[in-house]
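Next come the structures, one after another.
Each of the two complexes below includes subunit A, the first together with subunit B, the second together with subunit C.
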Partner chain A sequence: MSVNIAILLSLLAASLWTVLTRSLLRSAIGLALTSAILTILMIRLDSSLAAVFELSVCTGLISVLFISTISLTHPLTRKEILAHMRERRARFWFLPFLLIALGVILSLLKIKPPIDLPAPEAVKEARNVLWSLRQVDVMGQIIVLLTGVFGVVILFKERVKK
Partner chain B sequence: MYAYLILIPFFSVIILNLPFRTTMKKAAFWACLVLLLAQMCLVVFSAIFPGCSFFDIFKTLFKLDFTADNLSRVLLFSIALILCVTLLVQKSILGDKERIFNFVNMLLIILVGMNGIVMVRDIFSLYVFLEITAVSSFILIGFNQDLDAFEAAFKYIILSVIATALMLSSIAIILLLAGDTSFSAIASTVRLSPHRLLISLAVGIFLCACFIKAGLMPFHGWLPDVYSAAPTSVSVLLAGIATKTVGVYTLIRIVNSVFVLDRSLQHLLLALGAVSMIAGALAALGQRDLKRMLAYSSISQVGYIVLGLGAATPLGLAGAIFHVFNHAVFKSLLFVDSAAVELETGTVQMDKLSGLAKRMPVTGFTSVLASLSCAGIPPLAGFWSKLIIVIALWASGHYAYAMLAVLASLLTLAYLLTMQRKIFFGKLGQDMAEIEEAGPVLMLPALILAVITVGVGLLFPFVSILLKGNLLGG
Partner chain C sequence: MSNGVLGVLWPFSLFIIMLSVVGLYCVLVTRNLIRALIGLELLFKAVTLLLVTVGYVTYHAALAQALVITLIVIEVVVMTVAVGVVLGIRSYNESLDTRRIRNLKG
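Moving on to the complex of A and B:
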């Protein structure tokens, strides 16, 4: 349990770094790192199939898509980044306090769902899950990725051409 | 058979982007148009011959489980119709082959997304197709690559992500309780589970997500900016069918087939519907930008649909579904007319326009028809759907809501007639003497939609038989 909590904390740290880092490229790397940590957590929770998907799609494919998109954008100057960060700090200074307050309140309430969590399922055959049980969803995920690629081409590549 | 409505557009996108791309670019527009017309024919054919299994010959190849009842069929037909209109509007605005090709690709992807939404019977698959539609809508909103469009696209994606997060949280709770994500399994869990608090939480969260996606007040923050900043063809798509499929259809389907429409939920729907209907109409009254006014009008009309759903009777449901179709037709027609005005005058600011009916008679005439249908003036199509909703509310004892619906109709008439007076009637502006009617590619969809508005209204006895026999039975 304590290992899982430690992984959760590192997941939180990676997510915060992803959101707060100055460079878009570092942000994309942070996202890949977050996904990789999530994969470890999923493996520890006996969801190996979901873990494989998280690793291949989020850490792999999506990162490639992000980095190729970032290569088509015009980076901000250091001055602009600093101004943007100052503005963000002024607007959202209360968020960390709110998060801590929420955490304290939730831990004091000691909420426990009134249900017994199901035992982790035995690993099903991947082919059966993907091709028979969730064929529609797999196809849907492929289309979402395809849409992302089209989005990059239409919104970024053409703009660079212009 | 219905799996083909997903597979064919999906494989069309792949084929269009394979080698021979130059040839494909020339054929893309016509291929998409034929595909959409085929979808309309297929839906009508399957409604007339429900037992025909001619199209099931390839069933063994794919194990995709898609089904369509009569509610789905109405949506499938509306989706194909409005996408046809969107394509024609885009073609008339944009001559560039490369841009049209990209637009066709996005249109085919959004077609897959919306068709999937109306044909799945699994809440996680529903979420996946909602995502396809949301991502492609986001790209289409920013299609013109100007600053306003990007800002609107950003607002849309942020609100959409919030709705998605809410939906996923709800699905997680439901999966925990039901152990399955199929509609039937969830429906029985919702009815029988002893964990009422968790069920209420999951239902509440999911409904909030639907309200955001439908743009219902007070969840409408993104909608006016998006409709006014997006390319006009995309506004036709979003106002006509996309938000109706993503938000309103999902709400109708989930409330009717999955969750229990108990008294508290019914009162919530009625209250939100009434607020949306009245506040949307009042906000539309104060607008000077034509597209922004139509956006607020959409919020108001969604209020009617939700009121019909909140009546919790078969008649109310039929009225709601009928109004979804009618709204798709008359709102798309109004946006097509706004596209014609924008194309010819370069502005949609109502204060800068006047007397355009003299120079653009077809646009002026179809715009009057759409406005009257939207306001619920007989014998146009909008009158019947509003009448059914009002009767359903009255018959179920919700007299105050029925009267509010009539009052909102008067407000609708007020803002649409103000718009007509400002843009189309009165003295022709001095700088508008050279303006001409928009081209035939833009006039064609306007005329088709006008014919549907008048035709459905005049032939309502036949439509009512269809409603009674099919929609309610389905």
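Moving on to the complex of A and C:
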């Protein structure tokens, strides 16, 4: 359990660094780190298949997507950076204190949720659940993917010059 | 059901709430569109962790994994389209600052 708590603390620290760091590129790297730490947690919680998806898609693909987007934007000038830093400090200094206060209050509360646990599942394999019990989800995933593809095609369509 | 497994739920819930607060704070406070998307990603991470934790606690890890895979697919599509929209806004306004986007102002 203490290992899980240590991993959770590092997850929170990585997410905090992602939000608080000034550079957008470092933010994207922080997000990849957060995702990688989440993968470790998922493996520890018996979700290996989802962990592989998280690692390949969220840590890899989405980081590449963010870094490519950042590379397409132009950097700030020195004057803009100084103004931006001052402004950011004023807006974000509150967050670590808010988290500490929230953590202390919630850990003092120690709520025990009244959960009626269901019977253990009959199908133990995630692949079988996805292909037999949740077939509609797979259809939904295909539709969502196609929507994304058409959305991107429309967004990046070349305008016809008259 | 063993108390050991249920004992996992509260510390994990605490961190899930804190991770959601970090993501929500980033979305609400930032004025940079890419950073807002990064905040949204952190919210997705919190939901992923919630699903995995509940699946572990209720002994329905397989079902939780199926839901997480669906969530990851949705996450990727949302991010791809959102990044496309952000790049479109950037090419039109020459800025990622939300204060400079006045085209949709009614």
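As a working rule, the second predicted complex is superposed on the first by the 111 of 162 C-alpha atoms of A that agree within 3 Å, B and C clash if a C-alpha of one lies under 4 Å from a C-alpha of the other, contacts with A are read in each partner's own complex, and residues count from 1 in each chain.
The definition used in the following text is that a contact is a pair of C-beta atoms (placed from the backbone, for glycine too) under 8 Å apart; a residue touches a chain by one contact, two chains touch by 3 or more.
Note that this is a predicted model, so its numbers are computed, not measured.
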item: Contacts of A:61 with subunit B and subunit C, given as first, second, both or neither; value: second
item: Touched partner set for A:135, first subunit B, second subunit C, both or neither; value: first
item: Winner by number of subunit A residues touched, once subunit B and subunit C are compared; value: C
item: Subunit B versus subunit C as contact partner of A:41, first or second or both or neither; value: second
item: Touching partner for A:71 - first (subunit B), second (subunit C), both, neither; value: neither
item: Partner chain in contact with A:102 - subunit B first, subunit C second, else both or neither; value: second
item: Touching partner for A:23 - first (subunit B), second (subunit C), both, neither; value: neither
item: Which superposed partner A:49 touches (first subunit B, second subunit C, both, neither); value: second
item: First (subunit B), second (subunit C), both or neither touched by A:148; value: both
item: Residues on subunit A lying within both footprints (that of subunit B and that of subunit C); value: 113, 115, 117-118, 134, 137, 140-141, 144, 147-148, 151, 155
item: Complex contact set, residues of subunit C against subunit A; value: 1, 6-15, 17-19, 21-23, 25-26, 29-30, 32, 34-35, 37-39, 41-42, 45, 48-49, 52-53, 55-70, 72-81, 83-88, 90, 96
item: Touching residues (chain side subunit A, partner subunit B) in the complex; value: 113-115, 117-118, 131-132, 134-137, 139-141, 143-144, 146-148, 150-151, 153-155, 158-159, 162
item: Subunit A-touching residues of subunit B, taken from the complex the two chains share; value: 6, 10, 13, 62-66, 102, 105-106, 109, 112-113, 116, 120, 122, 124-125, 128-129, 131-132, 135-136, 138-139, 142-143, 145, 176-177, 179, 195, 197-198
item: In the complex with subunit C, residue positions of subunit A that touch it; value: 1, 4-5, 8-9, 11-12, 15-16, 18-19, 24, 27-28, 31, 34-35, 38, 41-42, 45-47, 49-50, 53-54, 57-58, 61-62, 65-66, 69-70, 72-73, 91-92, 95, 98-99, 102-103, 106-107, 110-113, 115, 117-118, 120-121, 123-126, 128-130, 133-134, 137, 140-141, 144-145, 147-148, 151-152, 155-156
